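A, B, C and D label the chains in the order they appear, each numbered from 1.
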Amino acid sequence: MNVSLILIILLIGAFATYLVGDKLASKVALFFSLAALGCSVVLTNHFLAGESISLINAWITQPKISFALNADGLAIAMLLLTVALTPIIIFSSFGNEYKNAKGFYALILFMAFAMTGTFLAADGLLYYIFWELALIPIYFIALIWGNGDSEERRKAVVKFFIYTLAGSLFMLVAFIYLYQKAGSFLIEDLYKLNLSACEQLWIFLAFFLAYAIKIPIIPFHTWQANVYQKAPTVGTMLLSGIMLKMGLYSVIRWQLPLAPLAAKEYMNIFIALGIAGVIYGSIVALRQKDLKKLLAYSSLAHVGLIAAGTYTLTIDGLRGAVLQMIAHGFVVVGLFFAAEVIFRRFETRNISEMGGIRIQSPKFTSMFLILVLASVALPSTFNFVGEFTVLYSLSQINVWFAVLGGTTIILGAYYMLKMFQHVMLGDKNAKTFADVTINEGISLVVIIAVLIFFGFYPKPITDLITPSLETILNVINKN
Amino acid sequence: MNTLIAITGLGIFCLLFEILNLRKGIIPFTILGLLGVLALNFSEFGSTESYYNNMIAVSKFSTTFSSLFIVLTIFLVALSHNFYENHPTKISDFVAIKIFLLAGGVAMVSFGNFAMFFLGIEILSISLYVLAASERLNLKSNEAGMKYFLMGSFASGIILFGICLIYGAMGSFDIVEISEYSLSAELPIWFPIGMILVVIGMLFKVAAVPFHFWAPDVYEGSPALTTALMSTLAKVVAIATLYKLISALNFIPSLENQDHLATFENIIVIISIASMTVGNIMALRQVNVKRMLAFSGISHAGFMLMTLLSISTSAGVLLYYTSAYALAGIAAFSVVLYVCKNQDNEDITNFHGLGKTNPLLAAILTGSLLSMAGIPIFSGFFAKLFLFNQTIEAGFLILVIVAVINSIISVGYYFKLILAMYSKEPNQERTGKPFLIYGVAIISMTLNIVLGLFPSLVLDLLN
Amino acid sequence: MEMDTNLALVLVLAPFLGFLINVFFGKSLGRTVSGIIGTAAVVVSFLVTIFFFNQITLTGKAIQITLFDWIQISNLKINLGFLLDQLSLLWLLFVTGIGSLIHLYSISYMHDDENMHKFFSYLNLFVFFMITLVIGSNLLVLFIGWEGVGLCSYLLIGFWYKNQDYNDAAKKAFIMNRIGDLGLLIGMFILGSMFSTLDYATLKTAIAGAANLNIPLLSLAALCLFIGACGKSAQIPLYTWLPDAMAGPTPVSALIHAATMVTAGIFMVTRLNFVFDLAPDVQTIIAIVGGITSLVAATIGLVQTDIKKVLAYSTVSQLGLMFLALGFGAYEVAVFHVITHAFFKACLFLGSGSVIHGLHGEQDMRKMGGLRSAMPITFWTMLVSSLAISGVPFFSGFFSKDEILLTAFHHNKALYVIGSIASIMTAFYMFRLMFLTFFKDFRGTEEQKHHLHESDGLITFPLMILALLATFGGVISLPGNSWLNEYLAPLFTKVAGEEHHLGTTEYILMGVAVLGGLLGILIAYIKYFKQDNVPESDENITGLAKVLYNKYYVDEAYDVIFVAPVNALSKFFRDYIETGLSALVFGLGKVTNELGFQGKKLQSGSIGLYLFAFVLGLCAIVSYIFLAQ
Amino acid sequence: MGNILNQIGIENYIFLCVVLFCIGIFGVLYRRNAIIVFMSIEIMLNAVNLLFVAFSTYHQDAQGQVFVFFSMAVAAAEVAVGLAILVSIFRNLGSISIDNLKNLKG
């Protein structure tokens, strides 16, 4: 089974979507994304059947860069996350009318293509190229179809682009440096390197800059809230649902194995940063007036915890992090979609103008509540599995990490329930709120189903990712 | 050699066309002619001969670069059709001058003797002076011409002096002989000084800090097409020649013998850092697109100079970088030409809403800007990548980091233009889809992306 | 075995099924039907429980059921499994039993509420989670139920969601619980890392088998677990949510906030008795906390005027007593009191509910009185329960409370005194409640007076059942020969509670306790029957009474100490740090931009300058070369 | 033929030319009249030409002198163009002072 097929589907999809014109664009995009999903499922079966899913084609001779894709369990998990969320995201946008829709949906597919590539790439430079490519579409999506005052938006988006690019360019330098040492960009060759502690430190920092901005880890998160707020909800979903995970995935795949000494040496600092993010994000979220901004900060908090998990360098930490990545991917998409659903009816994202929805629309309220509960990691939701594992791994490093990280349980509940109370509860709102349409319902139900199913039975994913995580850990602990 | 002769012949033909009143046919004819020349040039590929007791030395380097120049000239000639619509009587002259300019360029990369080198430079420069000032009644154009002329000839004076010193030191103008002498144990100080003077002259041509001041003014003042020519063809020719000059004369080894290498490298490093930094920072606040591109050109000159630090291996990289840069430039300028056809200036405001009125052109301009900014899949990215790789290998990590920071800054102004195209409302309706401009834009952009997808195509020509 | 598994699943899932049905079809089914479904669901589990109960009383061996692996962590593998042993079955018995009664009660009580089907779905969901909590075979399954019941209490407290105060109360309850939950989690982590299992059975064996345990660490774990218990079971310092939780409908208060959920903490501690036994320091802490809580709550209860608030504080106080017992390792005693308390407190709440129902939502005792004639059944049942709770001899409460005090006496005199005082106060405020509510003549509006009536059968029937239980519930553990202790014996490492043979001291103590109870009743009688004075209206309460009436201003204190700072911090972060960071990033851009702007001046357009720069550069380079010579 | 260099050493010629060249440079730098600037540039070029001749005598080799012809021809061409530009400037501006050429800046 050729792994590049998925990439090809998505890329062709992007062009096809652009060509069929505004009328059909959304449908075609949905079709292609579903095709990619199907293809990935088949791929997964092949993988589970023990087939090794990888290909290497020579691409550039001097310097030696090859078009190498490799799908181990981890990559497949992220791949599935991407291709599963993309159709949901596209489908969720059916309620909206976009001018120049063909461009819009084409960009979405193209972004999916780039992100998939990032997850699959097994060659440092190829990975970097996909990584950068993913940035372009979201830039245009946010810029052209975003909301709010265009001047503000422009500032926010440009800041986002330059800021992230700045980070990743240093990663590029690091990659070139590694290439000088290894004579190839292939990941296995890079894994073989034995760098001095000092070199590793610099490499680690270069990567960290790129990832810390993308994930984002405080204090590099300043782009996040604004962009989430200004971007169209679809863009926000793509950003928060998948693109953040790119950063976290890269930490596991590239940063830790390539600079294990540094990672071990300064482990505590980076865990502490992550946890600081948890607390900071939660606290800032308490007083947000804008629903999307609040969700942005909540995801800052969650992602901080995930990052802390990855930096523990324990199998639990990594496993929990990956589980939590997937869980958070779904829940955050769901929440942002819910925010969009509200916006479609109330024309506002300002929490103070909401409230009294529950009376008018019980179905939607229940769904929203489930999403909220999932995001506060109520047991029996997927997020709990991830969060529990991560916190456990933290407690193994130092019980205080677990305690501080665990404050997310309290603060998270605080701001989410506060939000829920003011958005949904309370007496009847002047504005009428029609209950969810079928389409909206489908998207939400799918997400909720995933969250709850894996909440009780995460085994499939765990079994999928564990072996590859162990191999990565072996690389980390090789010397 | 034949290439050179053919080009010159072609130029003369163009003039004849005017006499024979065949203006209509001139553009297609010239393009065909140039394609022929290109073929001819390919036929000389790989052959390393020298003609007229080594006045001209054809080498892989010269042929490859000449073909790049020819390609660029084809684009420029194609663009000139639409550009000179309004004064048909002059078109043949301008085209002819461009051809001669090309001849000068080819002479410069394939010189085997300083006489040829000097003539080449002068042919190039004089044609440029003329083109720069070609809008007789436009004071800006005159001023641009004058500034360029004064500084240019001043630079020629410096170069000449340098040549003279080299001659004094070596007693010959012949590259081969000089390169042999230059390896000998001790040389008179005149040789490095002379070389430095010549290099400085060339640095002026590539517009490197602190010899860059002319560029923005001249670019802004000259007719848009000339600007396009300067920022693509002229710059590429100059940097290529500089590279050839230093490599062909065994300048680096000779410096090593005299252990002045560090000195020279420091100079290059400082100049290239200065160029990219000044270029990028100055570009940030420009409102005139031509001027902005001039500054971006200065910064790119800074990048290109990095190749001089690993002279023995970086020919391919230089070729790749120049082609990437030039192709992007051509694409960008073809859009600029279209947008600013009947405007009296080239301010960014003219580009407002281009994304809505002409999505294709907007996309192409975006592409070329992204390429210049070094965003993946456009060849600009790979150019930077190879360059950085090369330079880190040569051990100039700091320089690369500065370069990286600069490319971050550069995004700032490239995106200013993109933003103008996509996030502003159109302020004028743009009519007509001039076939040649679209053609050039599309082809150059395609080439750019193809180079990005298969860098080896170009990269391996000189490795 | 197969059979057991299926039955256990039925036991767990029946309420869940009820929940699903009520959620999806409740509205269309109509109120009564959905009510019946909800009740039936619980009754089913009740029956199954009885079945298992019989089984175990015969065989006496626990049933362990493992469904499938759940969470996998390197050194501990957590599966989703059930453990049906003496303890869990006992709990299930009264959870489902009282649960069904209360469901039954609610059919009538909630009948006028448009969202009745929702109410029942939530109740079912609660029972489902409660069962999960009790039946889970390891701590993490317990945690599912633990948080689940928290969620349900959130939903039910905020059942009348139009009123934001109720929502606040609900939120408060959930968050307070979450604070405890964090403790519980940490406790689990420590246990997990120490014994690499969270499964009760294996944990027990591991601890038993472990050579040179790390006692301090274990104690830390125990402490964390206890914090969790504090959250759920409303002990100091996390008790303040429970009184507010009275915002919910009365059946909810009866079921969740009196009989079942709040006892989860005691369940957990009892479940993990083998851990706590090894941490004597923690046990002392538990005892002290329990004692103080019981006293503090009782004092507050003295002056409350809202009938449900009184009961709420009495609940907190009773829970305190239970923890007192736990602290002395007398788990079976605590369990005993849990059961009796479940009976009479549920009865009391339901009774108060019936009263409120009769007065159309009036909860202030100052506006009641003289209801005895109007609603006799309610009166008698409540009277019985009050007697029980006040520890009047031969009512269930008498035995359980007495045992607690005995244990306290044997271990720690001071706490014994505290406990006794608390129970005297209990007797006092319970009868204060009785007198104010049922005696003298009615103080409400004419219009209310006109509508006064006894509630219908569906309400009174559960009352009577519970009253009976409250009366005779004591028989399960009579001093001397206690069926309960034998029944629970397998759970405990040490011999179930040192069987204090009934010597003279015991009898004296009993007498003291009884006298105390009677004394309390007497005071109440004099104060509210003889002199028949009615509590002041809020504004002119003064002095100590004011402090008590305002619950020692604990809520206010918490607001000042915790809530306000966090919010202030949040505001600070939002307005300064965030803007600062973004300003920093923008600043970099601005600076470079400014440089560009200044640079433009240099590009002055004068050829002379350009040439000058040219020559300057030239000279610089050439001279550099000469210098480098 | 070389004897002249025996009487007056080559270095003197070099210094002379350098001095001349510098005079040219300073002329270019300090004069504002375009014509005079042209002349200064010519001085620079001619200084170099002189040096060429000197060197060619020194090296006993004619190439240098040939080169001089090239450079003179080129210089002539350059000046022709320059003057042409100057004329059109004079037409538009009415002055030939290079200080008036400051419209392009920033």
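To be clear about the criterion, a residue touches a chain if its C-beta (ideal position, glycine included) is under 8 Å from a C-beta of that chain, and two chains touch if they have at least 3 such contacts.
All values derive from a computational prediction rather than experimental measurement.
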Chain pair, A-C or A-B, that carries the greater number of C-beta contacts: A-C
Chain centre separation in whole Å, for chain C relative to chain A (CA means): 37
Inter-centroid spacing, chain D versus chain A (mean Cα positions, whole Å): 67
Geometric centre distance via CA averages, chain B-chain A, whole Å: 43
Chain B and chain D: spacing of chain centres that average the CA atoms, whole Å: 27
Residues of chain C whose C-beta touches two or more other chains: 589, 600, 603, 605, 607, 611
Junction residues of chain A, two or more chains touched: 162
Residues within chain D bordering two or more other chains: 28, 98, 101, 103-106
Chain contact graph, described as a line, ring, star, complete graph or other shape: other
Contacting chain pairs - touch in the sense defined above: A-B, A-C, B-C, B-D, C-D
In the complex with chain B, residue positions of chain D that touch it: 14, 21, 24, 28, 34, 37, 41, 44-45, 47-48, 51-52, 55-56, 58-59, 61, 63-64, 66-67, 70-71, 74, 77-78, 81-82, 84-86, 88-89, 92-93, 98, 101, 103-106
In the complex with chain A, residue positions of chain C that touch it: 23, 68-74, 80, 118, 140, 143-144, 146-148, 151, 154, 158, 161-162, 164, 167-168, 171, 174-175, 178-179, 181-182, 185-186, 189-190, 192-193, 566-567, 569-571, 573-574, 577-578, 581-582, 584-586, 589
Touch list for chain B against partner chain A, complex: 316, 355, 370, 375-377, 381-382, 385-386, 388-389, 392-393, 397, 400-401, 404, 407-408, 411-412, 415, 419, 422-423, 455-456, 459-460, 463
Parts of chain A lying in touch with chain B, wherever the complex brings them together: 60-63, 125, 128-129, 132-133, 136, 140, 143-144, 150, 153-154, 158, 161-162, 165-166, 169-170, 172-173, 176-177, 179-180
For the chain A and chain C complex, residues of the former touching the latter: 155, 159, 162-163, 219, 221-223, 225-226, 280, 283-288, 314-316, 319, 358-359, 362, 366, 373, 378-380, 385, 388-389, 391-393, 395-396, 399, 402-403, 406-407, 409-411, 413-414, 417-418, 421, 425-428, 456-459, 462, 466
